[in-house]
Structure formats: structure tokens, C-alpha cells
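Chain lettering (A, B, C and D) follows the sequence in which the chains are written, and residue indices restart at 1 in each chain.
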Amino acid sequence: MNALPLGLHVPEAQPCLRSFDLSEAGRVRRPAVDIEASEIRDLAYELIRVIDAEGRAVGPWSGACTPDQLRAGLRAMLKTRAYDARMTMMQRQRKTSFYMQCTGEEAIACGFQLALRSGDMNFPTYRQQGLLIAQDWPVVDMMCQVLSNEKDRMKGRQLPVFYSAREAGFFSISGNLATQYVQAVGWSMASALRGEGRVAAAWIGEGATAENDFHAALVFASVYRPPVILNVVNNQWAISTAQSLAGGESATFAARALGYGIPALRVDGNDYLAVHAAACWAVERARRNLGPTLIEWVTYRAAPHSTSDDPSKYRKQEEQATWPLGDPIERLKHHLVGLDAWSEERHVQLKAELDEEIAVAAKEAQSYGTLVEGPKCSPASMFDDVYQQMPAHLREQRQELGF
Amino acid sequence: MQERSAEVVIIGGGPGGYVAAIRAGQLGLKPILIERNALGGTCLNVGCIPSKALIHAADAFHAANCQREAAPFGLSVKGIELDFARTVAWKDSIVARLTGGVAGLLKKGGVSIMSGTAEILDGKTVKVETVDTIERVRARHLVLATGSLPQALPTLPFGGNVISSTELLSLRERPKRLVVVGGGYIGLELGIAFAKLGSEVTVVEADERVLPRWDAALTRPVAKRLEDLKVGVVTSAVARGLTRGGEGLLIEQRGYQLREIPADKILVAVGREPRTKGFGLERLDLAMEGKFVKIDKRCETSMSNVWAIGDVTGEPMLAHRAMAQGAMVAEIIAGQRRVFDAVAIPSVCFTDPEVISVGYTPEQAKAEGLEIKVATFPFAANGRALTQMNEDGFVRIVARADDHLVLGGQAVGAGVSELTSSLALAIEMGAVLEDVAGTIGAHPTRSEALHEAAFGALGRGLHI
Amino acid sequence: MPVELVKLPDVGEGVAEAEIVEWHVALGETVREDQILAAVMTDKATVEIPSPRAGVVVELGAELGTRLAVGSPLVGISFGEDAQGAGQIAQHDAPTRTDEAPVDPKIRPPIEVDRHRAPRSDNERRGEGRLAPVRPIASPGIRARAREAGVDLRLVTGSGPAGRITPDDLIDHVRGRSKASVSASIAQDNDAIEPIKIIGLRRRIAERMAEATRRVAHFSYVEEIDVTALEDLRQQLNARFAGSRPKLTILPFVVAALVRAVRNFPQVNGTYDDDNEVVMRHSAVHVGVATQTAPGLMVPVLFHAEARDLWGCAGEIKRLATAARDGTALPKELSGSTITITSLGDLGGIATTPVVNRPEVAIIGVNRMMIRPVWQDGRFVPRRMMNLSSSFDHRIIDGYEAAQFIRRIKELLEAPALLLVGS
Amino acid sequence: MPSLTMIEAVRDAMDVMMARDDRVVAFGQDVGRFGGVFRCTDGLQRKYGASRCFDTPISESGIVGIAVGMGAYGLRPVAEIQFADYMYPAYDQIVSEAARLRFRSAGEFSAPIVVRMPCGGGIFGAQTHSQSPEALFTHVAGLKTVIPSNPHDAKGLLIAAIEDDDPVVFLEPKRIYNGPFDGYHDRPVVPWSKNTLSETPEGYYTVPIGEAIVRKEGTEVSVLAYGTMVHVAEAACRSVGIDAEIIDLRSLVPLDLDTIVRSVTKTGRCLIVHEATRTSGFGAELSALVQERCFYHLETPIVRVTGWDTPYPHAQEWDYFPGPGRVGRALMRLMEA
């Protein structure tokens, strides 16, 4: 007869931001790229940070970027945020049905992309548009996809923001969570098998790590050790589900990797310098055939999950203010200003420039039509690309449709 | 790019297209008609009408010349000469009046005409490029009426002196030596006309006889007239190409070696093929019937609400078939229950003498295992023919042996083209021999020969 | 090349015209002398016409169902060597009315069936490409109107030449269909209508029945007969004379009763020539025995029933019925009755209203025999009962006379012994 | 020409393709060193090395997931799901990813993969080793589904599937791996060597996807079948002496509808046979298509003989398995109507 009544532990609905073990910047060591995974298990519980409270870059992970690269990074983050703002407005104007912002998380995608080479392949979720913008992928092309107009390369078939750009190493986004994670492993196995030196980067939100495809990916990555970086973007929220529901209370997401013998880093996702440094570390390790690395990027989803979500229903307004890691753009700006490599005026001027650039692109994109009016891809195109060659029964159905 | 939309968009303003447009307009469908060249298409501008005008002028000129030699009824004519340029001008004036008429009818029918080239984007969208705009036109119903064009010979591509009927009809002066490749109805109609106008004409036909698609008895009088007009006829012969200098045609006749026929102009009239290229039709991936667009009894193609009428849908490539289909399609789109179920479509060859056929020929009937009665009545026994000094030819009627249902009729002779209406009416109405025989034909006319033929078929011939 | 026109021979006393009901030869066929050419039907009988000579059939007089006057050409037979292409004797030579002799659509080529099985139901005909549809002959106007009315012309019988569908044909079809449409909702999918021309015996019956109802002032009289005793007697006699004498049904007894009753009521055994308004009273009792045959109802005659005993009647009735059913009854056996008996055997029903067999004035209908409770001596007892439903021509026979006549028959049948005694 | 079993034919196909095209890789549980639980990949790892034929963790979504990734990279992966009954964890990767990738990326990416899975009953495998889940794949736009009934077709179809640029689900009826099975389970097993259809040409050849084959000409009734049921149908027709026309569909999507329509138009009667459960089985789709195209030629309603709508039993194997008895009775019923 056990004395204590049994009870179910149902995690707190709120992320416990207060009890964050905020280690100061520069404290976490930077191991050699070829270190044995078993020797850096502790890093899975640390938090790699470079920019300190005064905006200075400190510690072994600093020094990886030149001022020009940092300015480019800042521009990429600002442009991503401006793009998100414009597209959200377009959705509110009913020019498209749906949009998803990555406000507050821009540093992760923009910083990471800088560490890749052409030929590598990202397997993104719907919140890594920064990967494209950081390569100056034409925003008009992205906008046409969101508007599903005639110029949309996906011919109006995908939900808005489900981009695909093979040339930019951006695998076609799927709405099903975590499916791309194991595919990234497969892709990197193929690269290893063919010896062509390409690296894959898998992306997942912390909530989706509960999917079995996440575990399948980690099993296959640990067994075959292909050149893949397994990114977990822990932005605290999966729609209304806090990260605790994904097991975040009992262990960090980085710690997942330890069970599979995969080396793991845990990084301050709002610290551009830390992001870039950690990314380079993992990419180099993969490139040197030393196998996969899992990185947990700790950040905060500042905006709603999507245009069809209202966070006020499940989290308090002021919660964002209590987020300890601050805003990635402000922290990089503060650092650059510190280096006299940037100034407030140039920042305001750059924002204006980007807003204008985005506005011009939006006008052009809308000229090719929007979801609700203007030219769309012909219904006839609906029957293409289902199979390589259109089979007879599809040909017949198209004739019946009449386009 | 601007956008407009309409209930019905018709590509091609020939007989099929403009009739469909007029009828759709009458039914309040406010159609858009897209035509690249002149309204009226081949028939009105470079086909039926201009060729008939030229044939009429040629006949008149020839008749006058005949009086100079024979003067059987005392008419003597001196100093005949033909200002061919005025003939061509006269022909063009007739074409102009008719195309003007069509334009008027279209406007009255509330049809908006877009003169420009059409490009099909999908089953309901056409890009139209006019002289000053590019527009995207959306349709709930698309009607293909793009017609046909002269078939070229691989060994004798059009260009220079190798011309099609279009160029021949717009020549400003008569060619001294005209060689016609193709002894079909187009080749002979124009060959005979130009022979009468004074050209030295030679016809080269691959088959054993001219007008191979018409039965032998019907074409014999035409062959005789060709001899009278001193038109050279070379059968079982194939054009191999131009001679080196380009002023003659190399032909290969069965049983003879390669030889050359001198020619100022070479008319290639070996047939017509449907116009299915150059306006994006392949994008629709429609079911085809050989080279033609496949249609059902309502002229609908394999794609919903995409219709096709006229030459582009196949044989017989005749203007009046296109018109009938055009009117029907408009009515179907307007919601009426219509089906193209004509029992027989008349075809006419405006040679000298004229040749017509409606419904079954004896061979066709026998081929379908039908037991038939056939009777002919020669114009030599027809009073009117005698008074017109033109007794060649005959009228033939074909009927079922058991219940005497009239299956078809053919005729060859001067002016028999007018006989097509009574023959077509008889067949369409389901007349039996007793109906045709029982209908009194005016005397003396050529058409009474039809009733005589019916009596003959019933075994009770009177004037024979 | 000589052609002999075989004329329609005189097939029966005073017959003016006959209807061609069957061709036994086809155009172009070589025939022997006396070979049967055709069968024609008169008011009286179906008569087969033998060929007067050998030769080749070059002319057929008319279509099936056409009525030819006696003496008009029936068949053209050429008896030279090269009997060439046969044709049909031109319509308007024959004296019969042209519209009367429509061309029979069946003569056109048979519907080619592209499957190796017999033609299928109506929905098979509707399938495209299943059958080369026989193209209906109709003018564009009729075709358009038919399509508007949603009528499939293949289902409309054309009365015009070569089966052409005339405006009336379409109207009749639509009107016919609109009547049927009331019950159409029930038989929604079973709207197959098969036109059958009324010819031959069927037409003969139709005309006689119509004539009878038009002229005769009918009234019917139903009486109940207790045939328990009669049935016992019948069974005893059959058992006794089984094998040696014909089996007795109830009819011979009714005939016997009829013969005796007529003696008291001679007006019932009469025929009324209403054209000349003369009633013929017959001393002989020639009893018409209504008999159902495949082509239709026929009435062979039991002559001089008064002179036959039960078994004589039974034998003759049996012979006549068989002859009528297999079509071998001679014309003279099919006319001349003075009074008729009609019985449907166990189908007889409770009561019927038989139609008088003009020019007769009375007809006796024998209904079904069944056990019914009857009040006798203060209680219900089961008795074998049978009704007689008879109809009379009130122009000649009044109700009272008819009732007395039937009561006389009732007395005789309820005391069957009287029938055996020559009273 | 050598006579192969279906197992040898499948292995031969992969061998031929791995030799011809170094992009072809084969993997799955027990597929590498051991050569597959049915020996279908026996010897491939020895011949082509562990990086081209290798074992995988027991994770069906992982197996198909990496296959999709490899396909997107440009390889030609042949993934094996050990039993069709275990395909459900991988169903999301097959349907939402492999089948949709080309469409959603407008042709930028595609998944030219083959997913092999042994299917069907007849081996006392009960509900986890006997299922026939073809209907779950034929319903998905973007997938091709094929199922051979003999070694010759198995090799030709598998080679065609590997060469096909679209994702192909390749179902292998396990009961006929070693010999044609006509449903008479109480009779000795007939090895493939005794059947002409085991004659398999050496080297490269293909049986085109999308083409059915008339296994036996006939006039009275058209029998549509695939996999093991082709042999069961043949046995049934022989037993009841009905001149049936037996069509081995081989390819369910794309379907060779012309051959089916031609046959039913000729015979006017149609019997459909499949092992899978009846409700929403592929037979329902075949029945719909036949009545749409041949309604006016049908003498009788279309009849389906299928597995019952129950999970696949163990002891009652032969009451569930649609054998020649049931097929024969259905044929008789068809002929009487």
C-alpha cells in the first residue's frame, strides 16, 4: 500500500522565464571541432553567449565575424523583420489568406545561413525565412508565393510562406511537423555516400521534437554519422503549448542528443555572434566528416504563431518584456555601435531604406495579382507535376474540368 | 495586361465563326469574335466567292469567243477583248461588299470583333494581340473556328511561281502557261476558268482520272470539256519539283520517265488541311481525329465547354457545313437542345459542266449492303438543256429497293448546282421515289429531270 | 418475259375482301405449282392460297395487314428463264386505298446486332454504339420538335411512306405518352413502348366486338344453380363409361338444358338481322362454343345440338375446340351458330357480362363452380353451386322472358335426370 | 532463359539496377548483412558494399524519411518495409511527403523512390503479417502502386519502378514468393520452376507500369485480379469450367482501363477478386470505373470476391482467404443471372 496518492504531473502552461540560468557571455568554452562527443556533454546544459550586457563580444566563441559580415547580418535581420511586417499587413488587407512571422528569432536563420556554402541544403520549417533573405533571395519571388499569384513559382499550390528554392539550398517546406528532419539526415547520408562534401541542416521547433520523425532522425544520424546539423529552435511556444509540454522542464532540448551520442551545443539564439560562431563550429565538424551536431537555439517567439493566432488568449502581454535574452537586432546594433562600426542614424536610415525596398517589391508582386484578384495560374496547371508524365486518367479529368 | 471576359469567345471569323457569332449575338450572349485577317475567312476572301466570280467572267468571255467561230444562232461577235484587271477589280468589289455585309450583321448582332491574333492559354482563356493592345480574354465557352489552309507539297513548297489558290485568285494578269498540280475540285474549277480566260493550262493528277473522289460517270463530261478547252491532262503523275531554272515543273508519270512541263505559274491544289498550329491549341491537349479536332454530335470537343466547328473538325470541308454547325453551337450554348443530325450535306464542284452530289452514291449504298434502285435521266432528253445548247450530263437518283426511300442524288451538267436544294430537301425530308415522282416539276426546266429520274426508278419513265 | 398476276381467289361465300396475314414466299423466290404463296383471312377463316404455276415471284401484291379485294392481283409470277430483279407491284395500281396499305417498316434491313446475343432491353437501344440505330425517317422540323419534347424518335412508329414519321405520329406518341405518364412515376424506368399493328384475327375480333356493343341493347342476368346433383351424375357417368365414351364436362349438360329450354322460348334461339329488322327463328339449335385460341377468341359451332346426346355433344365440342386452336377449323365450322355458350372453366369468376355473338340475341356464360353454404331445412349446408351469367339483346328479348328462360335451365340442371329422359 | 522464384527475380532486378546505376541504393531492416528476412537482397551488400546496401534502425518513418531525403538529393533509393503491415508509421512520409513533393515544389524537388513491402496472406501470418493495404496507396494522388503476380513481371516491374521518376509502392505477395499459389492450401506447394511465368530473361528488361495483361483469353466473364488472386482465379475458372477472361492488372495506379473496358464490353460480365478487405477496397474503385464505362454492356451486376471486413485472422486463415471455392461460386452466380 503506497503511502502517497499517485498524481499526474501536468507541466505549467507558462514557460518559467524567471528561473533561467543566465550564464554571462564568454563563459562557455569552445572545444576543438574534432572533440569527442562524450567530452562535451556538459555543453548541452550551458548557454553559449558572446555579446555581453555592454554589447562587447567576449569569450572564446567571439571573433568569428568581420564588421562587414556583422553589418550584413544586421541588414538581413532588419530586412526579414520589415518583410514580415509588410506581409502581415497584406494578409490583414485580405490579399492573401495566411502569413507567419519569425519576429525575435531572425538572428538564428540569418546567422546560420552565413556558415553554409552553395550546394548545402537547409530543411527548414515555416519560420526560417531568414535563410532566404540572408542570401538576398529576391523578395518579390517570395511575395508572389505568399500571394499565390501568376508569378508564384509554386503555381499557387502551396499555403503561403511554404517556399521552395533548390538553388538557394532551401528544401520545399511541408506543413507536417518534423517530416523534413529525418529527410535532412537522408539527404546528408546521400551526400556522404556520394562524397560530394555537401552538408545538410535540419530545422525543427522545440514543440515538434515530440514527433517520432525527430527521434528517427536522431537514431539514423547517430548510426550513420552523416554531415548534418540538427537545429532545434526553442522559441518557448508551439502555438499555445509551452516548451514544457515538449519535455523542456526535465532536460534541455540539446540534451536529447546525448542519449544518441551526438555532440550538442546550446546557444543564445538572440546573440548573432554566438549563432554564427556555433553554426561555423558545427558546419566545419560536418564538413570534416566528423558527423552530426545538434544545436538548441534558445529564443522567444515574439509574434503570434501565425495571422490566425492571438497569443493574448494563452500568454500575458508583458511576458515578452521579461524575456532575458533581449532582441537580436538591438543587441547586434549595440555591439556594432560599440565598435564604432555603426550608428543610430545609419540604423534609422537603413530601416527606411529596407522599408522602401520592401514596399517597391510588394507593389511589383501585387501587380502580378493576389490570391483574391488578378491573374492566377491557370487551373490547367493543377494537373501538372502530380506525376512526371500526366497519366491518362488525369488527362481525362482535365478535359472534364475544361481548362 | 488588360482583362475582359465574355460568355462566348470565337476564334476565327470565317463562315463558321461569323455565323456562330451572329447567332450568339441574337441570343443575347454578347460574344467576342477574334479574326486575324478579313472577316468571312477563306470562303469569302480567297475561296468560294472570288473563284465563282472569276468562273462567271471566264464563262462569259468564253461564250463570246465561241460565237466568233460557230454562231449557231446567228449571233456574230467581233473584236472581243478582256481587260483582266477590271475583272479582278470587279471580283474584289464583290468580296468587299460581302465582307462589309458580314461586318454589318455582326455589329447588328451585338458582337464585339477583335481583329488580332489569338493565342490559347487554357480552355477558357485566350491572349489576343491586336495592333495596339494585348488583352487576356476569359470565356465561359470557347469556340474554335480556325478553318483550313492549302496543303503544301514537300517537293514543291509555296513561293515564287509555285502558288496556292489564294495567290492565283489575286493575280493581276493571266499567266500564259498555268500548270495545276492536283485534279481535285479546286484545281479543275480554277484550271478551267483560266483556260477559258486564255491561259494554256495543264493539269497533273496523281490518280488515274481527274476528280477521283467523284464517281467516274459524273466526271466523264468534265473530262470531255477539258479536251474541248485543250487543257492538258496528265494522270497517274506526281510533281517531283521545279526544274533547275525554275520555269517548269518536273513530273514523274507512271510508265514514263521524268519530264518537264513549262509553266509561268504552278498552282498546287492537292487538298486542304485543318489549321491547328500557331495559336496554342496544343496546350488544350484535345482528343484529335487524325489531323482534325475530334467533336461529338453537338460539336463539343473532348474538353468541357470547348467547341469546334467547320473545316478544323474534318470532312466535308464546306462553308455551309461550318455555318450550320456555327448556328447550332450558339443555340446549344444558349441552352437549347440541339444536335447536328443533317441526313445529307450537298457538295458542288463548279467545273464546266458543274457536278453535284447529295447523300449516298450507288457505290456507297452498296458498300453498306443496302439494296437500291438507281435511275438516271440524261439532259440530252431535257427540253431546256437543248434550248441552252448544253446537253451534257445527267441527273441520277438513288433509292432503297424495298421502301423507295430516296438515299441520294448526283448530277452533272450546266447549272446543276441549283439542283442541290431540291435534292437535299427530298433526302432530308425522308422522301420516297413516289414523293419525288408525284411532285410536278416545271416544264421546261433542267430540274424536271430529277422527277423524270424518279419515274425511271419506279419503272415508269415517260420521256425516255 | 411473261408475268402472271395471281389474283386473290374467292375464299368464301360472299366474302368481298381478305386481309393478307402471312407471306409464305419472298421476292425472287422460285415456287412450285400448288406451293402455298400466302395466307389471307376473311371474316370467316384464314385461307391459304396455293400457286397456280411454277415460276419466280416477281411481284408481291401488298404488305402484311393490307386488305385486298377479291380478284385483285396477289402475286406476280414470271415463268420465263431470266426472271430478273423483282419489284413490288406499284401501290396505286391496286384498287385498295393507298393510305390503307402503309409500307411495313419491318421490311427494312434487320437491325444489325453487334453482340452475339438477341437484342436487349430498351436501355440497350439507348446505349451509343451498341446497335447501329435504325435512323428514324423524319423531317428536320419533326426532329427538332421531338428533341424539344424529349422524345426519342426511334420509339415513334412512322405511318408515312418508308416509315416516315408524320407530325400526327409525333403528336399521338406524345399524347399517348402523356396519358401513360400519370402512372409513369410508378414505372419510371420501364417506359419501353412497343407498337404492334392490329391485323388479322385480332382486328376481326375488335371489329365484331365494337359492332356488337354499338348495336345490341345489352342486359345481363345472373342466376345461381345448385349443381351438386349434376356434378355427382357427371362423375358417375364418366366413371361408368370411362374409355368407351367421351369424357363429359359440364358443357354438354348445359347444352342439353339449353336445347330443352329453347323449345319453350324459341325467340331466344334466334338471329336478328337489324339492317333489315328481321328476326330469324331457328328450329335447329346450333350452339356456338366460345373457345380461346392463341391468336384470339374463336366460336366454332356445334351444329344440331338438339339431335345429339350428351356424349355426342361432348365429342363434337372437343373436336371443334381442338380444330379452332390448331387453326384447322373449316370456315363453315366457324359460323352459323344460333345461340352461344361461353365458359372460362375454373377461371369463370363469380359473374360476367358476356357480349352477345351478333347476329344472335342471347349468350349464356357459365361461371365457376364452388362450394357455398346454402340454407336448407333450417340450417346451412355445403352445396356445390354454379352461376350462369347470360346476356340478351333487349331489342328482341325482354328481361322477364330472359329470366323465365334461365329459370327453366336452372330447373333442368338442378334435376339432371330430366336431361337423360327424352321429355 | 533461367527460371527464377519471385525472390530471386526481385533480387535480380535490384542487382541489375545497382550495377547499371550507382545512384541506386537498397536499405531496410535486416536488408544489408542478412539479405532480407525473405532473402530478397541476399548478396547485394557483399557485391556493392555497405554504403549501397545496408541495414537500418527499426523505424519505418525513418527508412522512408531518409529515402525521401536521398531521392531529393538525386539518388534512387529502394527502401524495404519488412511487412506491409508495418507501413503505417511510414504512411505520413509516403503520402504527405513522397507523393506531394513534386507538386508542392512545382517540380523543383521530387522523390524518385521505390518502397518495397511483402503483402498478402496465406502464410498463417495473422493480422500483422497478412494485410493487403494497396487501397491506402491507390487513393493517394502522386503515388504509383504496382503488384506483380509472377517472377517475370516482378523483375520487369521492379526495374521499371526504380527507373520511374515518381514514388512507387511495390507490393510483393509473400505467399507466391516461392511458387504460384492457387488457393488449394491442402495440396503440395508447386515451385515456380514448374511454371512458365518463372522464366526471367537475364539482364535488363522492363514490364511497363500502367499495362495490364490478359492472362487467359475468354468470352463469358471478365475476371479482374492481381497478385496471388490471379492464380486463384485461374484455378476457380478451371474448376467450374467457365470460359473466363482473366486480366492480371499488375499496375493499380496508373490503371490500364482500356484493357478492362475492352474485355467487359466483350463478355458483359465482370468479377473482381482481391485479398484485401471489401469496404473501400480497390475493387470498389474498379467496380465504379467498369459501371461508368460499360453500363450498357453489363448483363449482370458486377461481383466482388474479397477478404471479409474483419482484421486478418490466424486459425481461420482459409475461411478468410478468398479461395477458388468462393471465386468459383461467384462465377457460377454471374453466369446464371
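Heads up, the rule we're going with is that a residue touches a chain if its C-beta (ideal position, glycine included) is under 8 Å from a C-beta of that chain, and two chains touch if they have at least 3 such contacts.
The model shown is predicted, which means the values in this text are computed figures rather than measured ones.
Undergrad: Quick one: which chains contact chain A and chain D both?
TA: none
Undergrad: Work out the mean Cα position per chain and let me know which chain is farthest from chain C.
TA: Of all the other chains, the one whose centre lies farthest from chain C is A.
Undergrad: Could you say which chain's mean Cα position falls nearest to the mean Cα position of the entire protein shown?
TA: Chain D is the most central one.
Undergrad: Where the CA atoms of chain A average out and where those of chain C average out, how many Å apart are those spots?
TA: Roughly 97 Å, centre to centre.
Undergrad: Counting only Cα atoms for the centres, state how far chain B is from chain C in Å.
TA: The answer is 61 Å.
Undergrad: Could you state the distance in Å from the CA-based centre of chain C to that of chain D?
TA: 68
Undergrad: Taking the mean of the C-alpha atoms as each chain's centre, how many Å separate chain B from chain D?
TA: 58
Undergrad: Touching residues of chain A toward chain B in the complex: what are they?
TA: 375, 378-380, 395, 398-403
Undergrad: Using the touch definition from the top, list the residues of chain D that touch chain A in their complex.
TA: 25, 51-52, 56-57, 59, 61-62, 65-70, 72-75, 77, 89, 92-93, 96-97, 100-110, 141-142, 144, 164-166, 210, 253-255, 257
Undergrad: Mind listing the chain B positions that touch chain C in their complex?
TA: Spelled out, the residues of chain B in touch with chain C are 337-339, 341-343, 369-370, 373, 400-405, 428-430, 432, 434-435, 458-460.
Undergrad: Mind pulling up the chain C residues that touch chain B in the complex?
TA: Going by the criterion above, the answer is residues 85, 87-88, 90-91, 103, 107-109, 135, 137-140, 143-144, 147-148, 150, 160-164.
Undergrad: Across the complex, what residues on chain B touch chain A?
TA: Touch residues, chain B against chain A: 1, 3, 121-125, 136, 283, 285-287, 302-306.
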